[in-house]
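First chain A sits with chain B, and in the next complex the same chain sits with chain C.
For the complex of A and B:
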């Protein structure tokens, strides 16, 4: 008995901090979502309002598009980068350091820099493409309805793929050299080594990294908000930004809270199914 | 078929020479063991045969073809690693069939060839398991199975038994030997365990510090070691060495005791070393005195550590000896079985 209560005393401070940092905001958001601005209980009215708003489904699909496309390219590019950086070549240490720069640069700095580079009139990208005649007229990358989302996805991929590279590279480096040698003796060429040795061995790393990317992607706000604030015409409005604007532009904290609760529920469902999906049924591998 | 020729092969890592010109000819179907102390370059040589390590100088021929620059997969070899190097994410069956799968063999053929190899190694119950669910001995067998399935021209083994316990090692030793007798595939086998070498090899290559000391059948090396290194390396317990001088065809040990030598003709070196295998001591009342230091009866024989002619030597006797440490026994040497070496060069003297 005595020992149990001693243990409790030790974890209590941590529990209190956790409760204040996580449980309290969560509960308070829940409370806000069912009240009006005067604090009266209004039931599901806030939920009805945000669900009826035209922007909500649009933001939801934008989010799916943004997060999904980002992750696909982040994982492919990041893994390819890791495999490349795991090869022996001169200057490898330098290339490795350069590769992680995008991840280290603060999001807001990166976003502003890219916004300038993609600027229709003064951006270096239009300059480089018009000068040799690749395109005739400058493209409004960030104002054109069809290019703005792909551009933002590209910037997001650029920002986060080094994280995948670093993690997968660490996984690759823990593969014993014997395995590569055995594969070479068994007759594997480079691509067969990648497919049969490297990828299976880093599968668990990629799985964990992808989960992190999903969670971070669903919460990402910096890049889009700094560059387009969700525009043009809600084309890049993703749900986190919608929540943010609802709360701080429209000052509808209760509706923002309702949308947050909905988004939280959807995110949990997505993560739940992802975890179920990747848990290998065989359980034997690795 | 699978003959292997190693011709004056050199290896350096950067400026550091590791192998200083090694030549061995291995006939098709032969079981050759490379043996030597740790760090002498056995693994390096084997990895050069496999194509995992670049050849600095000289030539390696497999089946009459120079393979110096060929990648492993064009050499028709299979290798068993000390760590086994099984693919952890593949079942035993997939591990064994991997090379066939890479060579795009039909599925049915892979399955049947894996089944045959699994049967010969007693691996059938484990085909669907993953390596981490196997014992060390089973993993070792899978590694061998992976090599056997390919039916290569040459098998290369790098200390395949060193991770097993003593009993399993003896068992796997005879299994490897049986497999070789059945398949008759040329085999190059690296070990630092001279008992493994003696029991398994058709011929042994003794290496030391990047050079070959002697090549021969196990009994040739045992009976006529070319130098003191081989003499001391092959045989357990090791050969005893007595330093001394040659005086009128008699050996005079450093403490003055005299030992009659066999007729070895004219020798014109004065400092010589007498090599005596432990089993060539005999209890002899007319022999020289030896003070017993320790005595270890093993049942079948008695190992006696004793002070003899000013040296600590080990003798192995078939009879049971009932003496205590500190007592003196009298022993003589089997004159026809003595070995003589030039102390300075370490080389064998006479026939």
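For the complex of A and C:
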């Protein structure tokens, strides 16, 4: 009994710091979401207002599209990159270093550079395509309703796939050589090695990385905000940007808090189901 | 006993120290943005010569993050005595009772550009003295006019003439008239809303209870603006990602022949591409109607918690004199008599000057940022080809109405 309370005293400082940095903002956001600007309790009025806004459902589906598509390509490209970089070839160290560059570049720098490259009038991409006659007229990559989201997803994939590569590569390097040798004795070719040894062995790494990508994806503002600000006509508006706009452009902190609470709830549900989904089969096998 | 004496002495000493630390009567702290610094220093020197018993402490602010910084200091209760603020911010401060009334400082009301005073007026009282006003006009390339067989000394005056000129100018990779459809919301508000006003329409009704942007007059004007891109194709392909700066860059590159902007663009065009022969014209109006524009600029306010409001008013009175406004402003002074100064005599400035008389203040509504966003989204839907003008403005009006109906 005595020992227990002594332990509590020791962890108390850490708990207090945690409470100040996490619990307090969380609780305060909750409080803001049910009050008006003067601090009076207004119940669910802020929630009703943000849910009725035309941009809200659009932003929600944009978020699902942006995060979903980004993650699929990030994981596929990242894993493929890791398998490639796990092979023996000359210059491997250099290629490994180069691969990591997009992830190291600050988000705002990368986003602004891409925005310039994709600009209809001044962009190098249109210039490179019109000069040799690949296309006749410049394409409005960031203003055409069919291209703007895929372009942003491509930039996001480019930015984050090196992270997947680094993590999966670390996982691949921890696979004992005996497994490959055993497979080769059984006559397995390269693709069978990939499918039956590499992927199952790094499965837990991919799971953890995907979870991180989901969380980061749901919070990603930089790339879209710096390039399109959610436009044109909210076609690339994702919920985090909508919250940002409500809070800092329109100074409606209470509505922004209400939307944050809703978004937090949705994110929790998504993460919960994801963890359940990926844990159940492997848990059964072990 | 001795102890008590010491305590007493300490209190007195403390009191003296405190007195020395705070601003004494006769000192005025003035916050002015960095782009005004040199001119403000000159004026302060002159003011101190005339008022030797008042010392002005000048503090230089930067435009980046300035609204938040000013709001914080106004609410803190330890504000400076005089602050430069953009016209659009005043109403919010006044509504929250953060400013000192300055009706007694104003002299010669008729001499002021009226929209400048409108920004500072709330409930019949004046809360700010405007010193700088500016308006958009249309900047054009005179050589392009000649190339297209148009007379650069006789630029378009009506909407029909503007459309015709824009079409004639659009050839050989040039675009006749660039509109904005991207960047910060304000860019497109400043360029398109005046067209709505010219037609007699508005974004919201005067009592701020009804959204009026989907009424026929407004829709016609929005159609005129967006047709430049969607129907006539006289605005560049990149319109949806262009703001005012992008249009200036395209103009400097010789890709665009006409675009709307303020006089500050003329200076940067001349610097970056001296070959361009720059012309300027008042913004064309519909047949039989008057032109219109949005007035922008800066005012001076005295915070409600200013330590030395009396001397601050003396300084404000000095700065409000026409010749001092003319010295301090980056663009135009808010008083018409200030326009006589030498620096405003360049004939190229005349169209910008003429537009001031037709300038209006933006409505002061606490949800204005979201209202203008809803309108801007509508404009973008038109430019994207998602919706026709009526449909897009109906959608915008619905959103704006919900914002107007919102309880405080």
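Criterion: the second predicted complex is superposed on the first by the 281 of 286 C-alpha atoms of A that agree within 3 Å, B and C clash if a C-alpha of one lies under 4 Å from a C-alpha of the other, contacts with A are read in each partner's own complex, and residues count from 1 in each chain.
Note that a contact is a pair of C-beta atoms (placed from the backbone, for glycine too) under 8 Å apart; a residue touches a chain by one contact, two chains touch by 3 or more.
Bear in mind the structure is a predicted one, so any value in this text is a computation, not a measurement.
*Asks:* Let's test your reading of the overlay: on chain A, do chain B and chain C clash or fit side by side?
*Replies:* Here the two partners, once superposed via chain A, fit next to each other without clashing.
*Asks:* Mind telling me which of the two, chain B or chain C, contacts the most residues of chain A?
*Replies:* C
*Asks:* Taking the superposition as given, does A:196 touch the first partner, chain B, the second, chain C, both, or neither?
*Replies:* first
*Asks:* Between chain B and chain C, whom does A:27 touch in the aligned arrangement: first, second, both, or neither?
*Replies:* Touch partners of A:27: none, neither chain B nor chain C.
*Asks:* After the superposition on A, what does A:138 contact: first (chain B), second (chain C), both or neither?
*Replies:* In the superposition, A:138 touches chain C alone.
*Asks:* Check whether A:231 is in contact with chain B, with chain C, with both or with neither, and answer first, second, both or neither.
*Replies:* Only chain C; A:231 stays clear of chain B.
*Asks:* Once chain A of both complexes is superposed, is A:121 in touch with chain B (first), chain C (second), both, or neither?
*Replies:* The second partner, chain C, only.
*Asks:* Answer with first, second, both or neither: which of chain B and chain C does A:36 touch in the superposed model?
*Replies:* second
*Asks:* Which holds for A:185: it touches chain B only (first), chain C only (second), both, or neither?
*Replies:* So A:185 only meets chain B here.
*Asks:* Once both complexes sit on top of each other, what is the least C-alpha distance from chain B to chain C, rounded to whole angstrom?
*Replies:* For chain B and chain C in the superposition, the minimum C-alpha gap reads 52 Å.
*Asks:* Intersection of chain A residues contacting chain B with those contacting chain C?
*Replies:* none
*Asks:* Quick one: in the complex, what on chain A touches chain B?
*Replies:* The touching residues are 176, 178-179, 181-188, 192, 196-197, 200-201, 203, 284-286.
*Asks:* In their shared complex, at which residues does chain B touch chain A?
*Replies:* Touching chain A from chain B are residues 50-52, 71-73, 77-79, 81, 83, 85-91, 98-99, 102-103, 129-130, 133, 146, 150.
*Asks:* For chain A, which residues are in contact with chain C within the complex?
*Replies:* 36-37, 45, 49, 52-55, 119-122, 137-138, 140, 142-143, 145, 228-229, 231-235, 245, 249-252
*Asks:* Where on chain C is chain A touching in the complex?
*Replies:* Against chain A, the touching part of chain C is residues 181-183, 236-241, 246, 249-250, 255, 367, 369-370, 373-374, 377-378, 380-381, 383-386, 395, 398-399, 402, 406-408.
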